[in-house]
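The structure appears below as structure tokens.
As written, the chain order gives the labels A, B, C and D, with residue 1 at the start of each chain.
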Amino acid sequence: ATGCSSSDGSSASGDKPLIVVITPNPVGVNEFLKLSVEGTKTAAKAQDADVKVYESTDPTSISQNLQAAIDLKPKLIVTISFSFDDLMKTAPVDNPDQQFLQVDSCPESPAKNLTCARFKEYEAVYLAGVEAGLLTKKNQVGAVAALDSPFIHRWTDPFGEGAKSVNPKTTFSPLFVGGNNPFSDPARANAQAETLAQKGVDYVMAASSAGNTGVFQAAKAGGFYAFGVDVNQCGEAPGVVVDNATKRVDVAIENAVEAVFSGKPGGVTEYGLKENGVGLTGLEDDAASSGCLITKYPDVLAKVKQVRDDIVSGKLVVKDPAAA
Amino acid sequence: MSLVRRALTGAALPALLASFLVGAIVLLTAGTNPLTGYQALVRGVLLDTNLPYLAAAFAPILGMAVSFAIPLRMGEFNLGGDGQLVLGGITAAAVAIAIPNAGLPGYALAAAAGAVAAALWAALAVPLARYGRVPIIISTLLLGFPAVSFASYLARYPLTDKGTGIPQTPRLPDAMHLPSLPYSAYVNVGLLVAVLIFAVYWVVDARTGTGLELRTLGANLRFGQYVGIDVARRTTGALAASGAIAGLTGALIVAGPPYRFIDGALVTPGYTFTGVTVALIASGRPAGLLAGALLFTALQVGGTGMERDVGIPRQLTAIIQASVVITFVLIVAVQARRARARAGAR
Amino acid sequence: MTESRVRLAGITKRFGPVVANDDVDLELRAGEVHAVVGENGAGKSTLMSVLYGSVRPDSGQILARGTEVSFDSPRAAIAAGIGMVHQHFQLFESMSVTDNVIYGAEPTRRGLLDRRRARERVAALVEEYGSPLSPTATVGSLPMGLRQQVEILKALYRGADVLILDEPTAVLTPAETTLLFTSIRRLAERGTVVALVTHKLDEVMQVSDRVTVLRQGKVVAAMPTTSTNPRALARAMTGRDIEIATNDQPSTVGAAVLEVTDLRTGMVHCDELVVRAGEIVGIAGVAGNGQSELVQATVGLRPSVGSVRIAGRDVSREDVRGRRAAGLAYVPEDRGAVGSARSLSVQDNLAVGHYRKGWLKPAVLRRFAADLMGRHDVRGAGPDALMSSLSGGNAQKVVLARELEHRAPLLVAENPTQGVDVGAIEYIHRELLDYRAAGHGVLLVSNELSELIALADRVHVMVDGRFVAAIDRADLTEQRVGEAMTNATEVLS
Amino acid sequence: MNVFTLGFVAAVLIALAPVLLAALGGALCARVGVFNIGLEGQMLLGCFTAVAVSAKTGSALLGVAAAVGAGVLTALVLAVGTIRFRTDPIVLAIGTNLLAVGLTGFLLRSVLGTSGTYSSPDLAGLTRLGDTWVGDIPVLGDIFHSSSWVVVLSLLLVPALAFFLARHPAGLRLRGIGENPEAARSLGVHVDGYQQTAILVAGALCGLAGAQLALGNVQLFSEQMTAGRGWVAVVAVMLGRGRPGLVLAACVVFGAAEAFGFRLQGLGLPQQATDAAPYVITLIALLLTSIRRPKLAGGNP
């Protein structure tokens, strides 16, 4: 196959460099993917480049999209999530002149032309758990997550550990949405959140992707509080979202794009609390305007800052649940 | 050739035209030029870089269509295709990984194991119907879900690829990857296997006593019993074959890129649903099966290409596919009614 | 009583190339029983359907009491006082007699079903008609004769004074037929018109006042019944003389091809039944006395205990397949639901059972079908035609052809001439006798006593699931069989 | 652990309501001899329409009405196609289900300007009965705390439909049509009309089910949010053989199994096990009840 697709007029306009972003799922309201795309666009603007977004639906379309992107010979191909692990082992080796960026995961010993950015979201989730442990009145916290898979456990297990670290009496109950449509079944997520509420859980980590809206709505009705993920979700359901375990995927992408465009590609960058790649909305400078409940508890925030500093300094190490 | 004539005079072409008209209207209401969209759709299928995807997606869709068609011929519905597909995939992966140095013969063994596992699971519906009086359409449907969950559990816990954090099995040993066909690294021997399965189905359906007996049972079960067809044996056989083909399809998928069983990867593309749709509109008839599988694969692959190319959402092709189904059956019905009117009936 | 109640004038109805009714005139006069006869496919049912509004004629008029009416649905015909009992009963088997009768014309109270009034009205009708029906009985549990009474009550409930009966006696036993005819005469005396479609010419003579003969859609004769006879009617219908064959040739009786010993299933308890090569053994009995059950158990379609041997082999534990392999051929009573697959081609219907192993070559199947169709005179379609497009008589020929072709030592035939015309009856009887002459055994179950008397070497009479008498050919008369039934019934009750 | 609390009942009830509404529609179709597997698509279109209209008008009631309308409109395709043109109802329903997926996904972008999930403060949800006087009633107030009037309606529809089928003339006719349409036709009953009406009513009920799911259970629309509930309804219709009471029982078994599964997950069972639970329990329930069902006639010795 030759690169005839670039001459069909529908691809990049002019001779600006092109960046192709490939998502593993439809972007929709997936906050993480939305932020990835936005980050790429911001980065492209800074580099005066064009952006194309390829949304995948399943592993087959993922590899097709990647092949289509490679055929286009853009300046950089950005792939998002662990779904690209297998492909990022081979594609950069097979296409040595093509630059790749993988966000949120990385194969072992990546090729020279592959740049990686990874996150330690479990550190932020742990902090959220600390908040929940300090706040809970019933000594029960829980989580509603999309799937019972190791990667998703990064959003559940550290939450329980964080809560127990400050409040040993706390019990932790994770529930997984599952079913036919785990990442987008708000009704089921809602029902599970209500199940937790009936059990007496009063703080819930919501990591069910599009199902989160269902969790927040249950929180509003059921008298418990929730934590959001990836971005500030406090505005979505005013009065019920305590805080968010955020993941600055935009920052990571901007950094990596900058590095690639300035001729310094390759390598793996880990974004944890230390690098400001993950964090809590409540710990940000503009937290006061975030609409998050946590701003009403300065004492809790003070304690959480302490824990964060311990993690940053390496005094406290949070276990990665996915590295089983 | 009667096939070509039927394609031209039959319901397929008008249905296709009508469906593209529906799609055009939808595009217009969304403020997009339909021509842009359809050019992109055609490019999505025919561009030489995209053609391999068509060939690759065609294999599982054809496989699942044949799987559903076999019991359909005798009037039974196997709605558990997803479960059987996944069981075949995970079993094949597990066996392949357990015998890492066995090469392609080892893979053949693994694929056979997958087919057997899926066949057994599908055939379980027969004793449930015979002794438990649960209709096959219900039992296959209900049995499908635990199979998917079980495979998901295996990929998540006992068979998981440790350290990746992803619910997937380790990669199949390199020697067990299905060899690619010449001209495209992307299309592998799986396509040939699927076509072979289809050819066998065609021959059995049209040219053997088994095919005649299945069609007879489908037309009138009591008649079949009365003329001495072994109904229990034919039902078991049809369901086992259906399950085996679904399982084999799963085994073929895991031996292609990314060469492992990933939780959800066999189910999400909707091969089963597409196969069911194709088999139903073709009523299980081989020629229709082939044409339908080709058309639906083209629409799906083209849709992905179109979205990539000009950003028109994929949902458009779902709308076009739905329109094909609806207009096709309506046109067939209207034609049949005209034929009846010509022949004189009410 | 010569007042015209309904008149069909110049009715023409085409089904594609087939002219089912060709400029047909039919006058029904108040108080008469009017028989309509003709070969299979002559257009009798079509004509009656036109009268009942379920088929619209291409041209022609319907005059009710002298004024032209137009029936575009049965509803209009019902309103005009016309009722129809279809050959295949149109009943809701899971529902009660009452619900079946009131269906579509329900008495209501405050918008809801008035069940009490419904029951009362149905009970009154039942009494008036002199029927033993219980209004609360479930229709599915009733024997054919009573089901037919439900059909007639449905029409009467709607105030019908024109009653169309399409082949009403095809599924009735002689006793039920007699009862039906008594009722028909009584209805006629009260001024009701009864239009009677039938293939049984002696019935025409017995019960009708006038008779109309259809042939290929046209009226070829119409006359008072007293001025004709069965022979003349048959000639008018078919254009030739019909010679119904009888069993008058001796044959060499050989080994037993069927031995049933101590068989029990449902109400049936059969101590012994033996059919030998070269003989036709008949089973007579009122429907509902276990003949169908016995046959189904014998052929393996119904579970049973006891011993069945076919051509010397013990097949008690075998299913139909195993019994067929041992030497069974079987013509079932219901040719539509059991004996054929209506949505398959004639060719496939003939091939199933004959071709089960190995490769099927389309050319071979076609030749096989064409050969059978030629030999058995299946008319009106080629091998590729759908089974459903054949007429009743031709469909029966296909079933018979397939089964005879097995040349099995034992042929079980259940009511093989039900609903077929005199020409086809002639053919079927000859085939059965030829089969016997070829040295095979035949078990013939029939509701037609005359058929058994014409064909059987020996007749077993079945009452309440048991054989009460075995009558040899020499002593075989309607009277003897009738007596055997009555005696047994008296003893048992 | 005592899982069968009032809260459990309440949770089952809410999860059950959309499935039950759709299943009652399906049951009605089953009784006139139409195998309707288009429930899922009609429900999905109901979800979308309810949310779109409620968001644009700020009225939940208008949303519900529009959802019912959308359900009927979709059902019209089925009704005309299967009854008037005699197409295969299964294939046609598969077509409309697929159409619903495509159309809602497409319209989500072009009408509501987003993809994936839409939720907004403008979106008026159905009132929770707990917020009304019902909330003050002991026991009932707890059971119906987060239910809407649609949930109550769905429960009331069960005896209503049973009564209609048993005691209304039209009910008798419907049952007869399902058993033997030719017989009904021969009595001058307008069979096609009844069948079409039943399909349309089922469409209305599915629309209502969608409205409850999208404005009652939650207040949002998300692509393919019905997530197989329409198929569960189809299974319930088959299990209940079209009888309202039995259909309800089937829905309850399924809903309870699912809610029970959530609680078992809380006890540490893997999600995959609890995902499978409703289907396995339904299958077992079927096997257990089949022991008491009379043996089918015929069969081999």
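The definition used in the following text is that a contact is a pair of C-beta atoms (placed from the backbone, for glycine too) under 8 Å apart; a residue touches a chain by one contact, two chains touch by 3 or more.
Which protein is which chain? UniProt says B, D = Nucleoside ABC transporter membrane protein; C = Nucleoside ABC transporter ATP-binding protein.
The structure presented is a predicted model; accordingly, all values stated were derived computationally and were not measured.
Shared contact partners of subunit B and subunit D, listed by label: A, C. By the count of C-beta pairs in contact, the leading chain pair is B-D. Across the assembly, the mean Cα position most removed from that of subunit B is the one of C. Centres computed as Cα averages put subunit A at a distance of 35 Å from subunit D.
Put simply, the C-alpha centre of subunit B and that of subunit C have 47 angstrom between them. Distance from the subunit C centre to the subunit D centre is 45 Å, each centre being the mean of its Cα atoms. Inter-chain centre distance (subunit A to subunit C, centres taken as mean C-alpha positions): 76 Å. In subunit B, the positions touching at least two other chains are 156, 222, 225, 314. Residue positions of subunit C with contacts to 2 or more other chains are 301, 319.
Across the assembly, subunit A contributes residues 147-148 that each touch 2 or more other chains. Inter-chain contacts occur between A-B, A-D, B-C, B-D, C-D. On the side of subunit B, the complex with subunit A involves touching residues 40, 43, 47-50, 53, 56-57, 156, 160, 162-167, 171, 186, 257-260, 262-265, 268-269, 301, 304-305, 307-310, 314. Touching subunit D in their complex are the following residues of subunit B: 26, 29-31, 128, 132-135, 137-139, 141-146, 149-150, 152-153, 156-157, 222, 225, 232, 276-277, 280-281, 313-323, 325-326, 329-330, 332-334, 336-337. On the side of subunit A, the complex with subunit D involves touching residues 26-30, 147-148, 173, 175-176, 178-181, 184-188, 190-192, 194-196, 198-199, 210, 213-214, 217, 221-222, 236. Touching subunit A in their complex are the following residues of subunit D: 5, 7-8, 11, 14-15, 114-119, 128, 146, 213, 217-220, 222-225, 227-228, 259, 262-263, 265-266, 270-272, 274-275. Across the interface of their complex, subunit D is touched by residues 52, 54, 73-78, 84, 86, 90-95, 99, 103-106, 108, 111-113, 154, 297, 300-304, 316-317, 319 of subunit C.
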